[in-house]
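In what follows, chain A forms one complex with chain B and a second complex with chain C.
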Partner chain A sequence: MKKNLIRYALLPAALALATAFGGAAAFAEDSINVTNLSYRTGPFAATGTPIMNGQRDYMIMLNERDGGINGVKISYDECETGYNTEKGAECYEKTKASSIVTQPWSTGITLQVLPKSNVDKIPILAPGYGFSPMADGKVFQWAFNPPASYWDGASMILKNISEGNLESLKGKKVVLLHLDAPYGKEPIPLLQAYAEKYGFTFLPIPVGVKEMQNQSAQWLQIRRERPDFVLMWGWGAMNVGAVTEAAKTKFPMDKFIGIWWSSHDGDMKSVGEAGKGYRAISWSLPHSESPVMQDIKKYVLDAKKAEIGEGEFDWVFYQRGVLISMFTVEGIRAAQEHFDTKVVNAEQLRWGLENLKLDEARLKEIGMDGMIGPFSTSCSNHAGHAGAWMLQWDGAKFVKVSDLLQADQDMIAPLVETEAKKYADANAPWPINEECKM
Partner chain B sequence: MEFLNSIFVKPFADMVGAPDFLLQVLWEGLVAGVLYALIALGFVLIYKSSRIFNFAQGIMVVFAALTLVGFHEKGVPALLAVPLTLLVMFILAVAIERAVLRPLVNQPDLILFMATIGITLFLIGFGEIIFGGENKVMITEQLYIPTGSFEFEPFGGFVSIEQKDLTAVIGAVLLVVGLLVFLNRSKMGRAIRALGDDHQAALSVGISLSTIWVLVWFIAGVIALATGIVWGARAGVSFALEVIAFKALPVLMLGGLESVLGAIVGGLAIGVLEKLFEIYWGQPLLGGNTETWFAFVLALVVLLFRPQGLFGEKIIERV
Partner chain C sequence: MLYRTVGQFKTSYHADHALFPVKQDAWLLGLILLLAFVVLPATANEFVFKALLIPVLIYALASLGLNILTGYAGQLSLGTGAFMGVGAYACYKLITIFPEMNIVVAIALSGFFSAAVGMAFGLPSLRIKGFYLAIATLAAQFFLVWLFEKWAWLYNYNSSGAIQVPTLTMFGIPVVGPNATAIVQYYFVLVVVCLITWFSINITRGRIGRIWKAVRDMDIAAELVGINLMKAKLSAFAVSSYIVGIAGALFVFLWRGAAEPVLFDIQLSFRVLFIVIIGGMGSILGNYLGAILIVALPVIISAVPRAFGLPIGSAMAEHLNTMIVGATIIGFLILEPHGLARLWAIAREKLIIWPFPH
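Up next is the complex of A and B:
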């Protein structure tokens, strides 16, 4: 009995020693931990799940096909936030020591962890979301929002609805129907600046989380205001609720345009034919026959390494998830090469994310040709400002209806600079990257 | 002066100036009110019979709607999926009574409330394992719920009434009438009311606590299914439906936790008043989205004068 007790007492100690001296080193050499602050539960699960699936499956595919990145396995992990800011902040604290990157997955969580990034020295990767001034890499050294910020999205939508002539918006009325959350409010400063410059009326209409499924008040206001265009920064059930109400109000669907997070096939399938003509800007294009997607099919789905919903493989959001994981992977690759190391750390990944070179040749090489516009990042440009396409719902799926659009950086850059400075001043002392001369 | 005008004159001038629009606002408010009342009823029934504030009512809506759609996805005809879903809700009611409520008899109310939070968390996880997190389409047409709209042109304007909204209103009214008849005329209904009035006295005359609890949780499940169908038809079926339960809280504060009539009147009052306030005062003066707080403020004002709510029972306790 006594012998057994001693054995049990010694076992954890032995394990701890083994981990400290051998296990940890072996583990570290074998893999890189990438934890996603995901949400597969809660009111936004329907939109979160396909994106997280896409992110996960790209990582599994690389591990299965290539044995990871340059021989280093990716340990992909998730911490469930339920799209809740408090839970997201907890997940950040829990995972910051193990993961080499934080992917907050909500603008609210991004804003919470943003001030900590300089201290904890862990890069924040918020692809196509988060705080738009994060594009200013000199101020936000640890934050990245490639391939485009919300302000890029807003600018491209305005260019498209004005058919390239912003002056034509003069005297018109543009409504922004937005989730009443930091995400939904993000485009307001830029749209206000556009309204002042080009003489159109801009009217933001907020939708509370509890009102997502019953937006009759918001659409009654739209009916009363008779806007020329309605832009939408919607998420989750808000997208379905809005398109349903638009159809009910008989608002012309082709005058109703969403941001990229309002282009979810799963949402639109609930609306079906009634949503025909609805458009959304998207920096990603689904391309199920592309080499990367076929490899995911072969190495992950057919091999039963992971499961997804029926038809999800072809969805915009699933394939966008794949692209999002690619940003991290390409950042790791760049860092591995630059620092001549296999297992990169958070600081090295920061350099990698700051030096993404995703030109057409590279996209073709990794099997993603035509799925995303080419872009690159630098120490001053953390968004990449890639282009985007206008997609349109044809009653069953989203189809591309425009060429690659580009945002108006002359309009955006001054606002990014001003707002970034304002943020840095409000959070002083805030370190600025003085070494960056770009 | 302009400010006072925008509060006291302009809104009413707008109502008179566009009466068709006012009619549309009132209709939308009525529909919202009926839907709020439906959710509130689920809370009231359980509270009335067991003094438990059922935090799980929202997730029961999601669970019932997902079960219905899930059965249909498995090839079960829609009209058969409804009774099968009701059977699942009955089994759930029995399971809750056996596994959660029965072991907690005579525990403080707070413990029972916490237990319903536990039920919520369990149903979220269990539901996601079975049905997944993605958005599903409510089988509106398969249930023969009409999806067109009636359009009128009163006062030279335009009013549109969605047939599924009209069906929801009629369905909710029938459900409420049926419930009132059941509670007031049937033996079981009277037993529920007796239990709500005084647990000890009801038990002493032979009313079975466990039978009644199963019954009220099952009725709450029926209401959850009706609510799930109606709300699911508007914006799809997903876990997002859970948040609509919060819309019932001010209704309960206003109407009183024990009153079926209070839930109905409170729901309708909040539905109509919050819509009128949002359209004519909230949007022009406060930037909109007043629906998130208006009902709570209204309930708060009522509570100042009637702490038990409009229809709640005034309880005098000796100390």
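Up next is the complex of A and C:
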């Protein structure tokens, strides 16, 4: 145990050393610096840690197995934010000179760094979170939210609960139980548009950050309103609180559906059997037998290059972290080929992230077949709008209960355009990519 | 030796009441100003500006505002974070309603909004004191943050519920927003902070400051000697909230660039209160010392393992950081319960008589 701890501590240290002794040394060794604004401390540490572990372990695995990306080592580092926007901004300032990509990891931090991205010219990668209009690549030239935005998620949930026929929602009542923060408010405009078009009643019920663990008032309201479905945009302690309350008030679990950040095994484990039947949409599917996961096991975990918690390997969040690192890596790969260079810089990576082509064949090649829906990005589409699956909690783990769902782009696209324009106008002068003709 | 006051004679009352009766103090201040205006900007990089210098100045300003209320007038307040929020939201609304408005004017005006709100929530101070008043200001804290969340007009109905700072220029140079350079923002904040500090030093030394101190030390006695308690307390709330509001506007516009309501939560109030307590109540200098300890020290400590290549992961460094800062705060408070400003005052006394203590 002690030995492992030392190893665990030594690894980031070695990475830190590499960065501490300046860019010159790093370039001489041909390495690419990727720093993640992690949160392994603070109130959301329990949810953050598996994601951060997954991201780190994919990078270590590539360095161990292939010697990096096309022979260039990845120097992966973390800057701890504790999910605190102030520390996040500090980390951004600290890493922007060395790291070729910023992963802000909180909607609050994303909002702070988003306006600076045009000036500092560093791509922001916010996989499956952040501001939904970021999908508009012409306006948000430096921001990427692959593989799907919150609006894609909301659309797919509605599609699934109506069993493909949105007309059937007419006259029904849908409640959105959401964290009262920018993150939780994200799906509201889209759900409102849906409610108007398909004639169902939509009722958002906010949960304040301070009331996350005690939602009795909200669930009392839900009981009184008798909704047909409850959707949840929850995070951290709020997920456990909501599922516990739902079980306590005997709310039918199969009518309770969460977004992908509400599909954390650790949260559900503490509820156990009581949460049986709860569903969550997810753009990632845990697949522990896939080649990539087996390689991580072989090169990283069994080789004791890094440590993770017991059982964490099979978790949705751990494997999602692996996929998130894959976006960066594939972006780097695309940029390396296009610019015919080994060590890509931030601007070249932006091109790479804009030209991700993750089709079935490519996913198979990198050993991630079936873990994520195929998608591609372009200069106008920074989200990729990949599909997602419905996962269901069976009392011990999440299992897939649907085919790959696709979001309704006819509903989302106009909203993306207006909201992106609104943002650009409010932050004028805001540069727009006129070269993009798509 | 260094602080010899021998030979510095005062020949008039005016000289005796001067801001710096000892010449060395003036030299020291000159040195610090030289450091702040010339040496630091010439040597600092963007990280130092954005993570150390600007936040220290803004937090020091906020704590200066609270110190006037708590340290000089003796009214305990836990609503500082919310009053900063009022300043920030007022500035945002002014800028978006009147896009042509100069940023200096907008920031100066936004202070009046927080002053008005501060006075309204200061009314209970006429009846209650101490901890009871702290609870009343706590109500302000919760109510205002709730208002920032619920009143969509305040954030122009943005779907994210957060306020974003647009680019604003002065004399053709971007001062606020993503295009502004750190050095410009630093000078802007520095000038504002210096002006308000100069104003605060004078107001606390003068008639109004003495009235506040009288109320703080014993309000019944103050009333008996003819001080109007209502005027004294409400003026303290107004001046304090004005400064706090300006600090809030600077906090969002010159530093953060975006803000969600939860930013102005009780943690911010506590942070500013800690700066006041550790820096020293009833002292202007203390705010700066406290802000350096609370705001800058964690940033500096977190850079230590990396600079020396110590084998510590970033999460572990963060845990250690919390422990070290906590221990330092307790250590300083045991060493000198009246704060860092008193520690400096004692050191100065010792320096004056050194090397012949008697």
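Operating definition for what follows: the second predicted complex is superposed on the first by the 410 of 438 C-alpha atoms of A that agree within 3 Å, B and C clash if a C-alpha of one lies under 4 Å from a C-alpha of the other, contacts with A are read in each partner's own complex, and residues count from 1 in each chain.
We adopt the following convention: a residue touches a chain if its C-beta (ideal position, glycine included) is under 8 Å from a C-beta of that chain, and two chains touch if they have at least 3 such contacts.
Predicted model, so just to flag it, every value in this text is computed and none were measured.
In the superposition on chain A, A:A89 makes contact with chain C only, while chain B stays out of contact range.
Of the two partner chains placed by the overlay, neither chain B nor chain C lies in contact with A:S325. In the superposition on chain A, A:S162 makes contact with neither chain B nor chain C.
In the superposed model, A:S284 lies in contact with neither chain B nor chain C.
In the overlay built on the shared chain, the residue A:D180 is in contact with chain B and with chain C.
By the document's definition of touching, both partners, chain B and chain C, reach A:R40.
In the superposed model, A:V209 makes contact with both chain B and chain C. Of the two partner chains placed by the overlay, only chain B lies in contact with A:Q218; chain C stays clear of it. Taken together, the two complexes place residues 40-41, 180, 208-209 of chain A in contact with chain B and also with chain C. Remark: chain C residues 46-47, 50-51, 55, 96, 149, 156, 158-162, 164-167, 177-179, 256-258, 260, 262-263, 265, 299, 302-303, 305-307, 309-319 touch chain A in the complex. Touching chain B in their complex are the following residues of chain A: 40-50, 180, 204-214, 216-218, 220-221, 223-224, 236-237, 240-241, 244, 248-250, 266-267, 269-270, 272, 309, 312. Residues of chain B touching chain A in their complex: 18, 21, 24-25, 28, 31-32, 35, 124-125, 128, 132-138, 149, 160, 162, 231, 234-236, 238-244, 246-247, 274-275, 278-279, 283, 287-289, 291-292.
On the side of chain A, the complex with chain C involves touching residues 8-14, 16-17, 19-21, 38, 40-41, 77-80, 82, 85-86, 89-90, 93-94, 97, 107-108, 111-112, 114-116, 118-119, 131, 180-182, 185-186, 188-189, 208-209, 419, 423, 426-429.
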